Amino acid sequence: MSITVGIPQALLYYKYYPLWEGFLGGLGLEVVTSPATNRRILTAGVEAADNEICLPVKVFYGHVLSLKEKVDLLFIPRVVSVEEDAYTCPKFLGLPDMIRAVGDMPEVLDPIFNFRLGSRRVSRDVYSFAKRFTKHPAKVWRAWRHGVDEQRRYVAKLESGWTPVEVLSGKAPPEAKGDMTIGVVGHPYNIHDEYVSMNLVKRLRKMGARVVTSDMLPHRVVEAEANRLPKKLFWTYEKEIVGSAFYWMRSGTVDGMIYMLSFACGPDSLIQVLLEQEAKREGAPALMPLVIDEHSGEAGLVTRVEAFVDMLAWRLN
Amino acid sequence: MPVTWPHLGNLEIVLKDLITAAGQPYILPPKNTARTLQLGLRHSPEFACLPLKITIGNFIEALEAGADTLIMAGGIGPCRFGYYAQVQRAILNDLGYDFEMIVLEPPAMGWKLFVDTLKRIAPGKSLWEIAKAIKLAFRKGRAIDAVEREVLKYRAYERKKGATTKAYRAALNVLDEALFEKDAIDEAKEEALGLVYGVEKDVDRPVLKMGIVGEFYLLLEPFVNFDVEEYLGHSGVSIERSVYVSDWISPGNNNIIGGISEEEIKRAAAPYLNHFVGGEGQATVGHTVIYAGHGFDGVMQLFPFTCMPDTIAKSILPRVGRDFDIPILSLVIDEQTGKAGLITRLEAFLDLLWSRRMQREKRLLSV
Amino acid sequence: MRKANTTGIHLGIDVGSVSTNLVALGEDEEVLASVYLRTQGQPIAAVQRGLIELEAQLEDVPLEVGSVGTTGSARYLSGVIVGADIVKNEITAHAVAASFVVPEVRTVLEIGGQDSKVILLKQGVVVDFAMNTVCAAGTGSFLDHQAARLGIPIEDFGSHALKSSSACQIAGRCSVFAESDMIHKQQMGYRVEDIIYGLCQALVRNYLNNLAKGKEIVAPVVFQGGVAANAGMKRSFEDALKTEVIVPKHYHVMGAIGAALLAKDSIGNGETKFKGFGASSIDYRTSSFNCKGCANNCEIVKIEVEGTVLARWGGRCGKWEVQEVEEEAAV
């Protein structure tokens, strides 16, 4: 029987699942993912995680708990950095340790990905992680290449307008209709977790809007836009948020933007100021912040989103 | 162009000298008060951390008082602190203030930028003059911290309540007034330490030994921590603290004041948090492990609500507490925190520590 | 180690922002009298009224007062008024009282009018605790409010919950959301008892999530504070913890009992500082002024009797309190 390794369907799952699945599969491990977020997962996460922590990390705890009886190993890489001169989020740096502190967990695999130290170093770290599963460097290399290829295909699909959920489930997005386009700004793990976002994307589409999300823009566009800030941001995923919002503010390709952020999100608390100031400029499309936490009620969210869409439609006519 | 900067504990004593040496006039922000906090709250994003909110308040009050050049530290992440200055500039611009902001980024962002910034702060001064002034500033900063460290340790033993605080204020005054010269600073340090050591002590009094860990601003700025260290000292607690201002400013010096090197901290934290997470996250865990291993009665963690690094540490500390059998009190502070609630928790925590101590002594006696 | 020769009765006074409780313990630590009052924002008046009622209840008891202790958020103020021998925080007081009633207690759940606590003990010693003062969800005030909204006397709230056969799900993580969810469920036609029981379950979940996170709840569990009167809450705790929950007879005055026990323990052979039940007729004058010492302009509260300052507090810097200590030392 092969060794099973669990990947929680939360946080960076939405960014790198194809890479991880391809790589771990290539090493001969059987990858098991947790189900999509549901109430039981959320409740378990809220119960296990520290009160002060942000919602997506609480959700992550819930997914880990739903996997823990089902797998031999848990894959919780320490994704320190995915590019030079930038970090991810402090919480991703401490994630494996936080999960271990819960106690009574399967072994946690926590390879380090730190591109600040250069891609040579990353290759070395990848290899030293993988060598417990195979003695053949070539096999590691093939597995990694396989993952990287999968990841490339994944990103290309996202850039063509598919959401992560659609790519990973193989279901094409519904035909775009309507003459209103809404940009949804925010972390993929909030926007695309349908339970957490209360189906925001589907809901907007149902109201007759075309939807684009931050992760559908190519990295270089986002990077160039984000670098208009006087000081380069040191969080990669915040660059994606700022970059996509700035791009849409300038390009005129969206009629309005919804900025979904989780309560107590550290980086977003600062970014929000910069975005809202930029959105105040003449001619910029409207930006509506939508703060979510575990107390958020569906009714409140629906009302706000409906009002926003109605207002945009009214303005367009 | 009067220069200003936000409050951070005793830092201003040194910065006043440094800015004067740079040939610049300065205006200190008015002392932290309820108004400072209110201004900060009104103009800051809701779930930014408390230090950002209060330092915004400092800047507004200093601008009102006539300052026009704001000095702020920067950083390379991943803690939010490194981006404060950018957000503060945006907020203050939006409020319509006319000012220049000088952000002192760490050398890790490039030596050229670092040197250029220093030259902007001290126009017309040579690099040699600047370097000399900075060296002196560290000398004075460490003298101040050395005094503070003794105060934290020995306040619990004072015979007359308040005597240590009085001596401490006098000592800070001596250091504040000392000329910005090597010998003068060294002399002032001796005199200041003498004042603190001179406080009459009851050395036989049983006291609790507590370690204080957490986010640096909350630890160093008495306004936001409700002067918790003084309260603890008066309640018979001898304190070791994880962070001092001069240690925090010079990460390369291996914590001369605190006395525990970066290497030791990392090694101690490793079984629980095996990577830095920005801010003081790893240091909070590492210090807790070290204090626990040295027979401290308890550890208190202080940090602002939504602080990322220390929230990570808080998630991990219960495991440290279980492994070492040491009580840890994590206090999360935000603008709604009241002194009364804080004191009630502390009183109960001290009761808990005393009864553990008594039980242990009873056990020792019965063996 | 209680001194065998302590004589007289021992008073405990617990003054919180919502309720003021007084008890008198006899020499064998039995409850001779107890008073439960609303503080109504006037702690001094509440203590004075409480003393009158307590004295009336003690009419037939021939003993003198041997000691007095105060606790609760107004413990220092009430300590000055009555002349307390000991002033203790409410966490310690509740723990002492619970372990007196149930000596082997391991967990104390306390929900009062305005705050809630969980206290863990081992061999009679507090080893961990948590206290919630900010969030109103699950406190007595919130339940009062909901009972009023449903048109049910708060005394019957618990028995209604016991009638429920299937609780309805209420989002209870925040009182604001719990309320709106309840209204929603009511409009959908759920039975009142199922809503009430659902609310109790939600509040218990909320309490365990907020306060007891990561803490191991070990039996015996004692549930005290005003809300312990609510049988629905007791049942919900038992459901959630899967263990029996003990509600002590004097559940609503446990803080005061703790204060009395602590006072008795601390007094030894000493003299009590108790100012007598006459304290209730003294005209305490409280006033406040803004200190001009710095820009904080702290509000300093002052208590006086016939021109003599009894106590002063409220400053951030502690200057006013310290001055008093120095004045005392000078005498």
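Going in written order, the chains are labelled A, B and C, and every chain counts its residues from 1.
Rule of thumb we're sticking to: contacts are C-beta pairs under 8 Å (C-beta built on N, C-alpha and C of every residue); 3 or more make two chains touch, one makes a residue touch a chain.
In this text the structure is predicted, and so the values were computed from the model without any measurement.
Participant: Can you list every chain that touches chain A and also touches chain C?
Facilitator: For chain A paired with chain C, the chains in contact with each are B, in label order.
Participant: Name the chain whose C-alpha centroid is most distant from the C-alpha centroid of chain C.
Facilitator: Ranked by distance of C-alpha centres from chain C, the top chain is A.
Participant: Hey, which pair has more contacts between C-betas, B-C or A-B?
Facilitator: Higher C-beta contact count between the two pairs: A-B.
Participant: Based on mean C-alpha positions, which chain is nearest the centroid of every protein C-alpha shown?
Facilitator: Centroid comparison flags B as closest.
Participant: How many angstrom lie between the centres of chain A and chain C, each centre taken as the mean Cα position?
Facilitator: Each chain reduced to its C-alpha mean, chain A and chain C end up 46 Å apart.
Participant: With centres defined as the mean C-alpha position, give me the chain A-chain B separation in Å.
Facilitator: About 35 Å separates the centre of chain A from that of chain B.
Participant: Show the residues in chain A shared as contacts by 2 or more other chains, in ascending order.
Facilitator: Only 50 qualify.
Participant: If you look at chain B, which of its residues touch at least two other chains?
Facilitator: 318
Participant: Could you list, by residue number, the parts of chain C that touch chain A in their complex?
Facilitator: 171, 173-174, 177, 180-181, 184, 208-210, 213
Participant: Give the list of chain C residues in touch with chain B in this complex.
Facilitator: Its residues touching chain B are 73, 88-92, 123, 125-129, 131, 133-134, 214, 294-297, 316-318, 322, 325-326, 329.
Participant: Which positions of chain A touch chain B when the two form their complex?
Facilitator: Spelled out, the residues of chain A in touch with chain B are 49-50, 52-53, 78, 80, 85-91, 93-94, 96-98, 100-101, 103, 112, 229-231, 233-235, 263-267, 269-270, 272-274, 277.
Participant: Give every residue of chain B touching chain C within the complex, in rising order.
Facilitator: Touching chain C from chain B are residues 30-31, 33-35, 160-162, 223, 226-227, 230, 318, 327, 336, 338-341, 343-345, 347-349, 351-352, 355-356, 359.
Participant: Taking the touch rule as given, give the residues of chain B at its contact with chain A in the complex, in rising order.
Facilitator: Those residues of chain B that touch chain A are 45-49, 52, 74, 76-80, 82-87, 89-91, 94, 103, 272-279, 281, 305-309, 311-312, 314-316, 318-319, 332.
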